[in-house]
Every structure is written in C-alpha cells, then in structure tokens.
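By letter and in written order, the chains are A, B and C; residue numbering begins at 1 in each of them.
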C-alpha cells in the first residue's frame, strides 16, 4: 500500500492515521482548534441563529411525539372487564415490564425480529454500497447520453416503496417472471431463506441508486487536477481509486451509508407487502411494533419503537464518531490531513481560476 | 495503448449497459404490466399480447381524482423540499464552517430525530393538528414531512459544504465580500451537484410519503398521489387492481425523472460553463 | 399511538361516560333483547360522514346521493379509505384514539365488531329499529357483541365450491361432491381423462393472511369441530378439528392441493382455475362473473362447500354499519344507517355491485337469480355458515390461527401438535 506512488499531499496517509487514533483519546491538536475557534469569535451566536430554526421544527414534529411514545412505553395493555365486556378505560402502569418482556417468554419473537433486521441491514447496505459505488464510478465517466442514463438510475429510488413492493411481489409470484426466468418454481413468499433473498433483491434494487447518486455528487466535486497529478506520478487506476477517490468521497459515501442503515433498520413496507405479515423469516422490528400497535397494545408497541430507536441511535453515534473529522472538523490527525487536502485543492482551484 | 483504450471504452459501455439494465429491467416489467389488459395480467410474455391503455384510463377516471392528487403531491413535496433545503442550508453552513459547542451533539440529535418510526409519531401529531384545525391542509402534511426531510438535507449539505475549500471563501472575504456573499457566490455554486442531489433525494422522499398524508386528510381533494393509489380498487374487494397500480407507479415516477432531466441539464451546463472559463 | 396528554385531558370525561354506560348496561344486563338505555343518546341532526373503503362500482355515491336529495339538511359525505382492510381498520382506530368526530357511520368488516364494541368505539344500537328478522341469522350474529346489537348488517359473503362441469360430466360424475371423500373420488376419476393432465384437484386460500383463517375455520367447522365455542371460549384441540385440519394438510401432502397453493390468495386461485389448472376451487361469489369471461366460461358451476360427512360450513364475509361513539348528529346517523341497510338499498348493492345482501328473500328473487345464478347456492352457504371467532382480540386470534395452520400445511408441525399449540395460544389471547 505504501509503495504505490502518489503525489505528495494527497491523503495517502489518512486511513492509517485515522486508525491510530483510538476513540476517546484526546485529540493531539486541541491547540490548533482553539486558535481556530478564537479566529471565529462570535460564531457561537451566529451558529445559534443558523441552527435554531432546524432544531425548533424538529422538536415540534419529532421530539414532542417521541416523548409521548417514551411515556406510553411504560404503560401496559388495557384489560377487559369480564363483567361489562368492555375494555377498561385506563392503562395500567407497568414500569419497565414492556422492556424486560423481551428477555422473557415473548422474547423469541423480538429477538427473531432483531436478528432479521440486523441481517437485512448488514446485507442490503453492504450490497448497495458495492453496487452504488460501482454505478457512481461508471456514471462519472463521460459518455454520450450520460444525462439520460443518470436520470434513468433514479427510477428505482423514485418508485414509491409500496408500489415497488407490489411490483416485486408480482415478479416473485409462484407463476411470475422470476420463476419463468430461472426456469424453476421457487415459492418465494413462503417461509424460508428464499423469502429473505427476495426481500434483499428488491431492497437493493430500490436503494442502490440512492448511494450511487450521493457518491456521484461527491465525485463531481473532486477537481480533475488531483487525478491528473496522480496520473503524472504514475499511479495505477486501482491506486488512484484507493488513495484519491475513496478518501475524497468518503464523507458523502458515509453519510449515504448512514442514512441507508437507518432506513434499513426501520424496514417495513417491503417485507410486509412482498412476503406478508407475520412471516418469521422476514419479520422486522418495525413490523413487530406495527403488529402490536394494530392490536391496540400501544405500550409494547412503543417499547419496541423505543428499542429500535436506541439501536439506531447507537449506530448513528458510531457514524458520528467515524465521520466526526470530515463532518464537524474537530478530528485531530484526520482533520489535519483533510485540511491539508483541502488546502491543496484550493491551490489547484486558485490556479484554475487565475488561468 | 490504443487497443487498451478501445477496450476500456467498450468496457465502459458494457458497464453503462449493465447499470441501465439493472435499474430499468424491473421498471420495464412495471411498464409492460401496466399495458396489459386486466384479463391477461398474469402473462409472463416480455411484450403485452395486446397493448391496452385501459389501466391508464382507469387511473385517470374522474372518480380517482388522480390528477388532483399529483398536483397535491407536487405542492407538498415541493414546499417540503424548498423549506427543508432553506433551513438545512443555514444549519449545514454553521455545521461546516463555524466552531461552536455541542456541535457533535446537535448533529447527532438531528439525525436521531429522523429515526423514530413514523407510525409512532402520527397519532400525537394527528391529535395536535385536530385541535388546531389543520386537518385537510397542506401544512399538516408538510410540517411532519420535515421530520425526515430536514435531517436528510442537513447531513448531506454539511458533507458537501465541508468538502469545499474554505480558503476560497476566506479569499473572497479578504476581497471585500461579506460572509453571506462569499457563501452565496463561492460555496453554493461549487457545491451545486451536492445541493442538487440533496434536493432530488429530499423531494423523492417527500413525494413518496404515505402514512402522514393518509392520516392528516380525509377529503379526496386533498389526498396525495400515494394515498390516491392506495384507494385504487378492483371491481370487488378481492380483485387487486394490479394493472392500474402499476400504471400509477409509472405515472408518479416519470414526472420525477423528467424533472431531474430538465434541472440536470441546467446544472451541468452551469458547471461546464464555469470550468471552461 | 395514544398519548398520555390526550389521555389526561380526556380521562375525566371518559370516566363519566364509561360510568354511565356501565350502569346503563347493568340494568339491561345479559337479556340482550331490551332496548338499550343508550338509545337516549341518539340526538342531534345535521351533516354526517360515511366511512368505508373505496368503491369503484360507483354505487355507494349513488345511494348516498339518493339520501342527500331526500335530506338536504342532513347531508352525508363519503370518506373513502384505502382498499386494504388493515389500513381501513388502522384509520378507524386512529380516529377513535383521537376521539375525533370526523367519522360518523363506519363500514366495519364483520370480524371487527367485537373489538370495536368492547373498546366502546361504537355505540350500541336499538335492535327493534332494524328489520333483523328478515335477515339471515348467521349474518345478524356477526353484528352482535355479548348478545347486544352494535352494528347493522349491510352486506354478507360466503364461500362456494367452483367445479368444472365439463370434466366431471366426461368422467361420469353427475352431481357436485357433498363431502371431501366424494371430492377426492371425483377428482381421481377426472384425472384419468387425457384433458386433465397436469391438473390439480383442489385449492383455496392458504397464504399466511386472513384468507387462511377463513379456510382453516371452514375445514374445522365442516368436520364438526369449532374454533371457539358458543361462549367464545377456544375449543380447537378436538378430534373433529383435527379431521378438518388433516384434510387440508393431507391434501397438500398427497398433491391433491398443488404445492404452490401455499402462496394463494383469492386472485391466484381464481387465475389457476380460469387457466384450467384446477378441478375444484373454494372461493367467493365474485369469481363467478369473471370466470364467465375466461377460458372456462360455460364449463363450470358453483356448489355449496363439501364437508367431512355432509355439506360443509362456510366462514362469513361482508360488512356491517356501526356508529362511532365520538360522532355528532347521531339521530341523523341512525336514520341513515336504517336507510343504507334497508332491503331496498341492499337490492341496489346486489344489482350494481354484486354485494351479497343480508336479506333472505332477495336470494329467491327470480330476476336477481337470473342475473346471478349462484344466489341459491350462496344462500345455502350463508345459512350453514359459522362466523369466524367473535372475540375482542381478533387480531391476535387470527394471527395465532394463521401461524399454526400454516405450520401444519407446510408440514413443519403435525396437525395434532399445531392444534394443541393453537389451543393454548387462543386461551392466552382470549383470557385478557
């Protein structure tokens, strides 16, 4: 890796350095940060001004309902009064019992849904990343009709999820086109691993373009000069990709992957419509929460939603940690090399502007 | 050398063809299914035996209110995107360029909010909007849509702004631009592909939103396209109107693609003009 | 999802209302025939709404228009919900949870009555004001909870057996089978014909969804078993029920039911029958008109469902009208429900939208029978029908049935084990 020639100043040393810094370790360049902070004195007030509208909107539409759901998760299901035949009007307070329930008898279903959700997320996001990046690299090349093709790859992402789930259900019908193409009848919507495969195929088809588009946008903002410099230095195509392209699109790619992870963890419509409700092979946490809510058990439903939320939050935190440097710019070594990278790009741009 | 270049060119076209086939083959199936007659909807031939527009006629029959629904979707998704982009641009600028406390926390919070399942936030919001008389209004669909549109926009824009060299901005400021002008004249044009992509993705997410739009409206004149599609029905409760659902799917997807094509020309043109200078 | 604030706000009001209801019902407790004291609450006249899944036949707006011209000051607005039953139920529950007065008259699937009544999302109705004595008895049962009327039957539906008349005749069978063993024997004869090559005997709806509950309940009831007894207690771990489930599981095993039928919903089975892949098919009456336009036109007929040792029992479909507890203008609503569920309206729905009526004599009407030749068979089917379990936690009950029946049909559990597990699951969910 180190002996591939790359132009000085590109981020060749970045991955290694980033790995060196263990999470939680204080950043070696706090001093530099402080200077920078002082340099932009008063930016705190400005930041408050710029950030608060977003936070305000989000607290109205999300925070309030979320707190309601948190509270709800501490309550049980309303019981039936055997004398009157009516459901009681109050819900019993059960404390954390809705949460501890997942370790008890009813836990099997929760853990099954948990593993399904995790499995779908890992596999689909992994495949989407590979396919999406490949798409972006191809689309980034200049060729005739590129605009048309680029709009074309949007199609899967643009089809509403419910409609695409119906489409795939039709494709995976016992007498559908999928079986006609492979010349063998697989009953895709029955329980079993093939049901998972059907969901994964449909999900990857629909969302790989999302990653493709964001990575493509990331590629487009990389100045060509960086590549020219690399080519002059004799870097191979693979070397260029690995040492220039990938580090430079990393932020865009990671944000795309993050959003995909979060979405995949909440996957609902696709397995629900494509394979069906209550199929153990494909039941996800969202489907479980929905099932509880639709049976008017709002307490357990909220508990599942909160657990899913925590799970997702954990992943988001991990991403913020990884992304921190590129996103908020206070990440020590990585920050420095990113800064260096930017400086170099700037120099190139200046050259371009003056030329 | 020339031979490898030729091969590379060919390889590129093979790659392009693969990408197009991958993305469009299922969509082609959707299109073909939408052009079949109801009676041969179970066919698996690659071309419809008889091309029929009965599904499209069904979609546009006045009782479905589909044209109106498309318009509503356009309004809701358009305003959601515009608002989200506006607010997110401010926020993302602060995230990318300013130093302040709790930045990481705020960024985490913003994304955390987008993660709560919609099904859990819809009833509290429904209650709230009923109380303030927002049922059957556009704002009752736009405001909740911000819950997923805003985080998506903030995060994407932050990365794209962050990728922009801040030295250019500083240079502009030294040349007498205010911070705002420097941002508008330097960063926005340079980040155009990123902003454009963010806008498309936000728009599509808002365009396809279903549960909120379904819960907040009960008048046919206010329903959005996905809600209208969910109300398609066969002649009886058991018949699935698969053909017209697919036709509707085609009809809601095509405007997006056309829109992207139109805007894309402009953006790409603007970029190449800048580069040619 | 219900929230604590909303609850806190409504709590006192709800408690008062609940208290009133409890005492009111206590006085007429159990008798069921007395007029509910709640009838005093049918007050207020003015505009109301009718909430139902979308109707494409266009007949519902037509009937509503008829009402609106007669009652210009009490107009009804039609609120259309998605066609998918689960979404309909979700929207109605959301409306009840927010105690909104947006919905007045609800079109409920027959299996939702108990749940909506027990949650007091719908009002008890005065029995004497609806012509229940003219309706088919099993249909009326679906509108009751604990012996009291909570909904007005508006439409019904029952399963029938479609069979290929041409093939049966050629194989020397003169009448449709009345029992499962006759069906098996007839099928064996037909399969010897050259034109029956590649055909399967029988199919119903066996995908893991509500249709499986319908088919399972029919098999159990047709073998003399029950899913829940007269008091709503589960009693499914019986030899009779096992014979019913064994019929389905065994048919899957020996290939009488094709393997792919495990993915069938109504439309898949119809498609298989129409393309000549099936000799017998259990389905709803809607298939009749469509099959008449297909390849098998004129070569099939409908018969009552077969059973273990005689005619079988169908499950019941259809919709009932209920009055949302949180609605305004309930006097208008009651009148509208009477109008909308009247024999006159039912006859219009049958003629224009082929909805099976709850009224007995419409099935014998000569001109209607001419239009819908299956009507006499459907009447037999509905008269012998057993409603699906009428329990408050219907959602849990139907999932448990689907879970266990599916396991038995796919062979991952024996019928005996599946029924044993089902019994304990049902006891759990009905005990609440």
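Operating definition for what follows: contacts are C-beta pairs under 8 Å (C-beta built on N, C-alpha and C of every residue); 3 or more make two chains touch, one makes a residue touch a chain.
Given the structure is predicted, the values throughout are model-derived calculations rather than measurements.
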TODO: Starting from the Cα centroid of subunit B, hunt down the chain whose centroid lies farthest away.
DONE: C
Task: A-B against B-C, pair bridged by the larger set of C-beta contacts - done: A-B
Task: Centre distance in Å when subunit A and subunit C are each reduced to the mean of their C-alpha atoms - done: 42
Open item on the list: Using Cα averages as centroids, what's the distance between subunit A and subunit B in whole Å?
Closed with: 16
Open item on the list: How many angstrom lie between the centres of subunit B and subunit C, each centre taken as the mean Cα position?
Closed with: 40
Task: subunit C, residues touching no fewer than two other chains - done: 1-3, 271
TODO: Indicate the residues of subunit A shared as contacts by at least two other chains.
DONE: 65, 68-69, 175, 293, 301-302
Open item on the list: Among all residues of subunit B, which ones touch two or more of the remaining chains?
Closed with: 42, 119-124, 230
Open item on the list: Which residues of subunit B touch subunit A once you look at their complex with the stated criterion?
Closed with: 12-13, 15-16, 19-20, 22-24, 26-27, 29-30, 33, 42, 44, 87-88, 90-91, 93-96, 98-101, 103-104, 106-117, 119-125, 128, 143-144, 146-147, 150-152, 154-156, 158-160, 162-168, 171, 190-191, 193-194, 196-198, 200-201, 204, 207-208, 210, 225-226, 229-230, 242, 245-246, 248-249, 252-253, 256-258, 260-261, 264-265, 268, 271, 275
Open item on the list: For a test of understanding, state which residues of subunit C touch subunit A in their complex under the given definition.
Closed with: 1-5, 7, 11, 14-15, 18, 21-22, 25-26, 86, 89-90, 93, 115, 117-120, 145-146, 207-209, 259-260, 262-263, 268, 271, 392-393, 395-396, 399, 402-403, 406, 410, 432
Task: Touching residues on subunit A, where the partner in the complex is subunit C - done: 65, 68-69, 71-72, 75, 77, 79-80, 84-87, 89-91, 173-175, 185, 187-191, 276-279, 291, 293-296, 298, 301-302
TODO: Provide the residue numbers of subunit B that touch subunit C in the complex, in ascending order.
DONE: 39, 42, 63, 119-124, 126-127, 130, 135, 214-215, 218, 220, 227, 230-241
Open item on the list: Quick check on the complex: what are the subunit C residues that touch subunit B?
Closed with: 1-3, 6, 49, 53-58, 79-85, 87, 91, 94, 97-98, 100, 102, 265-267, 271, 275, 284, 286, 290, 293-294, 353-354
